[in-house]
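Take a look at the structures below.
Two complexes are shown next, each including chain A; its partner changes from chain B in the first to chain C in the second.
And then the complex of A and B:
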């Protein structure tokens, strides 16, 4: 296949409008013009509902265009979608795998559909298997693969015959950092070695940084496009690092900085705070913090773009910039607060398989504790035991003073749980959902009204009170789920990958709320695949194969990844280093 | 990049894709427990349930006999009930006991032979009382009829023996005879009706579920962005469930013939032809429903209401369409199952009566064509 001169995708003035059943229209894409050059890697980034998926589906010929011209591989997609579909590879957000078929059968199906001759398969299959490391699992059902393996299989299915263009819709959602890195190695190799043009969408901004070309979409409009350096340059000279005031963690100090209208973004970064400021000269900040210039990242420039767009167009609330009360003075330092979750030598077996192998940790009141680990590390199993949804095979487990192995029911009253897939009723309105959960928790009368009113104000659900749960935008769904979990004023809140698939803005907002809750004395335990989010935690534990490999404050964990080659490791680098070290050597049962 | 391939090459590629889709579908049915349950277990359960558990006949119905007359005539009447295969009799001593047994549903009816029965029988105006539990109206009517027949029979025998008043020899006795279902066995029409239900279930219900499932799980999205054409996807869905439906049909026919000994007077080719037409109608209906409703739950509910329930209630399988109100009968003409039931009942109990089969088959052929065309139009390789 000769790399054709000129772009493989060329879109001019693309417009797409959706009509909801309620009668309102949604402008999914508005005057979008962009190009994907031959042999290049292009990323679509932006908040949820920005139009990323719609754009990819238009390119794949799965939707009709309302306005504009779109040519893919030299073909007008609107006029002849099949001609495009014959030649491209496409991985939708939901994989598109048949879960009742084995890995091999899925591959064979797609090879048959693409008419790949037997000789080509003999050459192609070993390559794909080597690339995806799925060789040992060819006879396993696709439904029994982990999230990362499913993504790799989905990718392999699109590559059974060399496509002329690859479209990937959020290929790394719900995938742990290790699998994410493997997936990216594959994508990089495809682009570099085979000159395959790739268009992908992502919620991970560090991934955008690896692409040659980035298109930032917000509310259906292109905010910026070009090489990632161009977006990064927006924040150059405006990015700083600072140390939180004494006695405060980076997370607790964030709100103070965000109150400053000149501060566009503030996030924890290895025990310190990363700040992006607008152009105005820095006035003395709260506590006269010393701002130390830092290298701008793509994410910093991205936040500036969104901020500018929000000011121009309005509409979307700025991230987590809500005024919050100062922390209660009575709060003792975390070290001296009493533990509310005590886990000792906890074991859970499924038949011969040990999912959780003698783990121990404590979580103190008002603390945010993060459980990190690759898929299958035992996080969800641990979580379910902590919530009393699963019984332990051994060890002790005390939650909010109750022994979960005996008095599970009384402990559950003190627990709030937000599952990976929010369990809300799509056919009930926001208000009705809250009402239902309030009655499920046994709230009634004055207290019930009071708590629902609290939830409505605390999570700013007023504007959508009468909207159906199933029609809420992503950010609101998450708020509603948290509001429902907090109605009965639990002492402990469990969040299982609550931000999976959420965009950076929604995640900032989410962590702003979590910080508030922690300040009010609620203990929070989270799992997440976003290593940057681990920075918000007071302490984190990294799990693999059912054991705790490392535990400590974010800065301590990051230090574990420090090498001569990488003196300033990110949380993700540290995570991967800890896991790989443990997997390489004989498992150290006793931490030093 | 691809040189235009010759026509035959394109056809081969098309057939390969169809084969791949059919193979995939087959594996899914075998592996997915819910598909297997609906496609294989449920038909078997229905056969056993309808064949053994459900019967509209009265047989061994418990009744009580309260005989207050010790004479021979009265004893004979009691014996005729006792010897009848339709009843299981028990003797009762008093009216109070009769009442108690009726109330506790220990018996479904009581035959009361009054003290003056034989005396009045000699005079030719004997009467006996039959109390029937009316809760189950159907059973009640049948007990009533059987009891009347038993009494009349006894009367005839007595007349033949020359006893009683010779003057009353002019008693008329109705002799009824049933045609086509000479054994008057409800299984004879229930089992053919069952075929209708099973074919509807596999054809419409399963097809709509599996298509909706592909929408729900997002597998269609990936499938669409391949060289697969819409007609190939449809053929890939229709074929496996058409074959599965034929399997269900053979199972039912075998059960009818060898398990329940239902006579089959028509020919196998006629049966297969009629069944294939109806199967095609069902599968096309399922495709059409699921192309509009992309959730498994909705598709299954709608299919149940639109195809399965009418096939059960309005096809003439359980309720004779000649005895339903005229508006309902008019509606029943819209139910494809009705035409198939008519053909099946004819084939099983009467034979290859072409004057009945051909017009009904023609209706089904037209319906199948229209539904398939609509399903083809409704299925597009687009989302949202």
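And then the complex of A and C:
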């Protein structure tokens, strides 16, 4: 075919408009032009609602184009989507695995659906199994696989017909760092060894850095495209590291830096603060902090792009932490040290399987505590026990002075809980959802109106007040879930992977809110797969196989990953090192 | 207490909103009972009208013509053929063109006049025993009437025993009068049970159940908040079915609405308990739906809706004693057609109360246990 040497995807002036039921029109894609070269790895990055999924669906021929030209593998997709679909592999965000079928049956089913002949299967299956390391689990039900394994199986099912182009929509959402690394090894191998062109979208900016070509999309427009180094270069010479003022944690000091209009982005980095500044000469920064130049990352350049786009107008204002009432408790008041969550030798068994194996930790008032660990480490089980959703098989736990499982229902008044999927009522509007949860927590009359009004302004839910919960965009769902969990002003807030699938901007906004809450004395317990987020925590615990492997401040944990080859490990490096060390270790299980 | 009540009210409001806001469930809930009543009212009738029959009159006398004329005039039968050969009878039955064939003996009139037995043979299609049975019954009635006329006209004494039938509460013995009030029970049981079962299963599937459990709701409050909206919708559906029965089919309502609704609420408590029990076992909506259907089948078969309980084998009759639908159908029939008051309904009310109490207790127990 003539197109073989040229780009596998070529889009010119692509446009796509959606019409909502409410009569609004949404410009999902606007004048988007891009190319994917043969045998290359291309990433789509950008905030939620930027048009990443729409673009991938257009390429897959699952949606009609409004404007522009789009050729995929030399075929005009609009004219003949089937011809394209016959040759590509597409893995949507929620890949359709059949949870009641085994791994092998799923694979067979997809091979049947794509009409893969038996001879090809005999050749493909061993390769796929070796690549995904799913061989030992072929008889396991797909529903019982961990998140990472499900994604690998989804990928295997997509690859079973040996596609000429692979489309992956956020393949690593909800996947722990270890599985994420394995998934990336597979993708790298596909591109490098088999020359398979891959187009993927991602919310992880470090993943974008591994691609040859990056397209940054925001509100349907291309902000930048090119090799990641090009985006990184934008922040060169503008990235600095600084130490927070004495007596303040990195997280607490962030707000001070973000108030400076010349600061584009500030995030905690191993106990210090990473700052991206615009070009203006540095004025004396708060607390006269010393700015030490640092190497720019893709993320830094990305934040500059977004900031510039927002300033050009027509954008969401950068979420700054809102001025909140002055913190009631000063940083080092003794009250702060009193533990509000106490866990001692907590055990949970499911039949013979020990999901949580004698873990102990304390969380003090106003602290942000992070539970990290690979899928299946026992994080969620621990979490559910803390919230009183699951009973413990052994050990003791006290949350706000009570065991929520056994104590009175009214004790639950003291906690707020945001579940992994931000579970809210899809059939009810935003307002009705808030109304219901307010009543559920016993708020009524004036106070209920007051709290709902607070939630509406604090989480900027006004514009979507009458939209159904099920039709909200990702970012709003998360905000609504947070709002619902905070209506009754709980002492402790539990957040289970609350930023899964959220874009970098939404995550910063989220952590701004969390910081505010902690300052007001709310204790926060989070689980997350974003290792960069662990930096916002006061303390973190890494769990694996139901046991606590390491516990401490982010900087202390990071130090655990330090090796001769890697003197400046990231949180992710440290996480992987801790887990691998424990798994290779001489069965420490009995020692406990 | 007040706080608990407020929470339950909030849950009820939420449940009803969720059902009413979705146009699909809303239509299903409101239109389905009306549709079912209309369908059952027209299609599911056991009454014979214009049933095709063939006459094989081998006598061709005045008497035989008079007998056939009576059959034709009954409105129940409609003559489709006059046969001349015995061999023609079988094909008509086999091809279902005739439900019965009436064969009159060549000596019919002579025997009658001589005061001897004059047999008339009736061949019926027994493949559908119900219809054949009622057709034979009608033929018997026509022949009785013929006998009586004959005796009168020929100055013979009337037979000593005579049946004078009077059907109370349903003078014309219309199936519709029996069936449609019974549907009030069947339809509401189905949807109340389904709604209760699905509402919990949906929350479980969508993950909102956990969210509910971390709020100060107690399991009993959640149960009450799930049961009451399902029952309310059941009451609305029952009302719809009653309206169709009265306004469309014009079946006269003899009793008191208060009595009927008191009985219905007791029945709905039993149904909702069953639904909540199902929901506590089912992990997904699909499972809940399946369980509800599997339960509903024996409940409606063994309720006396289509076949009389008194003709079931004794063991199965015993089983119907735990079927709330059995009592509900009896109750609706008695209030609707007979006008029975609460005092006379006690035999229906107390078993339903016991069943409701048992179901709700079991559901509450399962509910607590499943939360483990």
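By definition in this document, the second predicted complex is superposed on the first by the 555 of 592 C-alpha atoms of A that agree within 3 Å, B and C clash if a C-alpha of one lies under 4 Å from a C-alpha of the other, contacts with A are read in each partner's own complex, and residues count from 1 in each chain.
By definition in this document, a residue touches a chain if its C-beta (ideal position, glycine included) is under 8 Å from a C-beta of that chain, and two chains touch if they have at least 3 such contacts.
The structure displayed is predicted, hence computed values, not measured ones.
*Asks:* Do chain B and chain C fit side by side on chain A in the superposed arrangement, or is it a clash?
*Replies:* In the superposition, chain B runs into chain C.
*Asks:* Quick check on the superposed pair: does A:442 touch chain B, chain C, both, or neither? Answer first, second, both or neither.
*Replies:* second
*Asks:* Quick check on the superposed pair: does A:415 touch chain B, chain C, both, or neither? Answer first, second, both or neither.
*Replies:* In the superposed model, A:415 contacts chain C only, not chain B.
*Asks:* On the A-aligned overlay, A:424 touches which partner chain: chain B = first, chain C = second, or both, or neither?
*Replies:* second
*Asks:* Between chain B (first) and chain C (second), which, if any, makes contact with A:61: first, second, both or neither?
*Replies:* first
*Asks:* Name the contact category of A:88: first (chain B only), second (chain C only), both, or neither.
*Replies:* Only chain B is touched by A:88; chain C is not.
*Asks:* Given 78-86, 150-158, 222-230 or 240-248, which part of chain B has C-alpha atoms clashing with chain C after the fit on chain A?
*Replies:* Of the candidate stretches of chain B, chain C runs into 150-158.
*Asks:* After overlaying the two complexes on chain A, where does the chain B footprint on chain A coincide with the chain C footprint?
*Replies:* No residue of chain A touches both chain B and chain C.
*Asks:* Within the complex, which stretch of chain B touches chain A?
*Replies:* Per the stated touch rule, the residues are 1-2, 13, 16-17, 19-21, 23-24, 27-28, 31-32, 217-219, 221-229, 381-384.
*Asks:* Quick check on the complex: what are the chain A residues that touch chain B?
*Replies:* Result: residues 1, 18, 57, 60-64, 81-82, 85-101, 105, 108-110, 112-115, 141, 154, 157, 164, 167 of chain A touch chain B.
*Asks:* Which of the residues in chain C come into contact with chain A in the complex?
*Replies:* Counting only chain C, the residues touching chain A are 3, 6-7, 9-11, 13-14, 17-18, 21-22, 206-208, 210-218, 371-372.
*Asks:* Provide the residue numbers of chain A that touch chain C in the complex, in ascending order.
*Replies:* Where chain A meets chain C, its residues are 384, 387-391, 404, 409-410, 412-413, 415, 417, 419-421, 423-428, 432, 435-437, 439-442, 444, 468, 484, 494.
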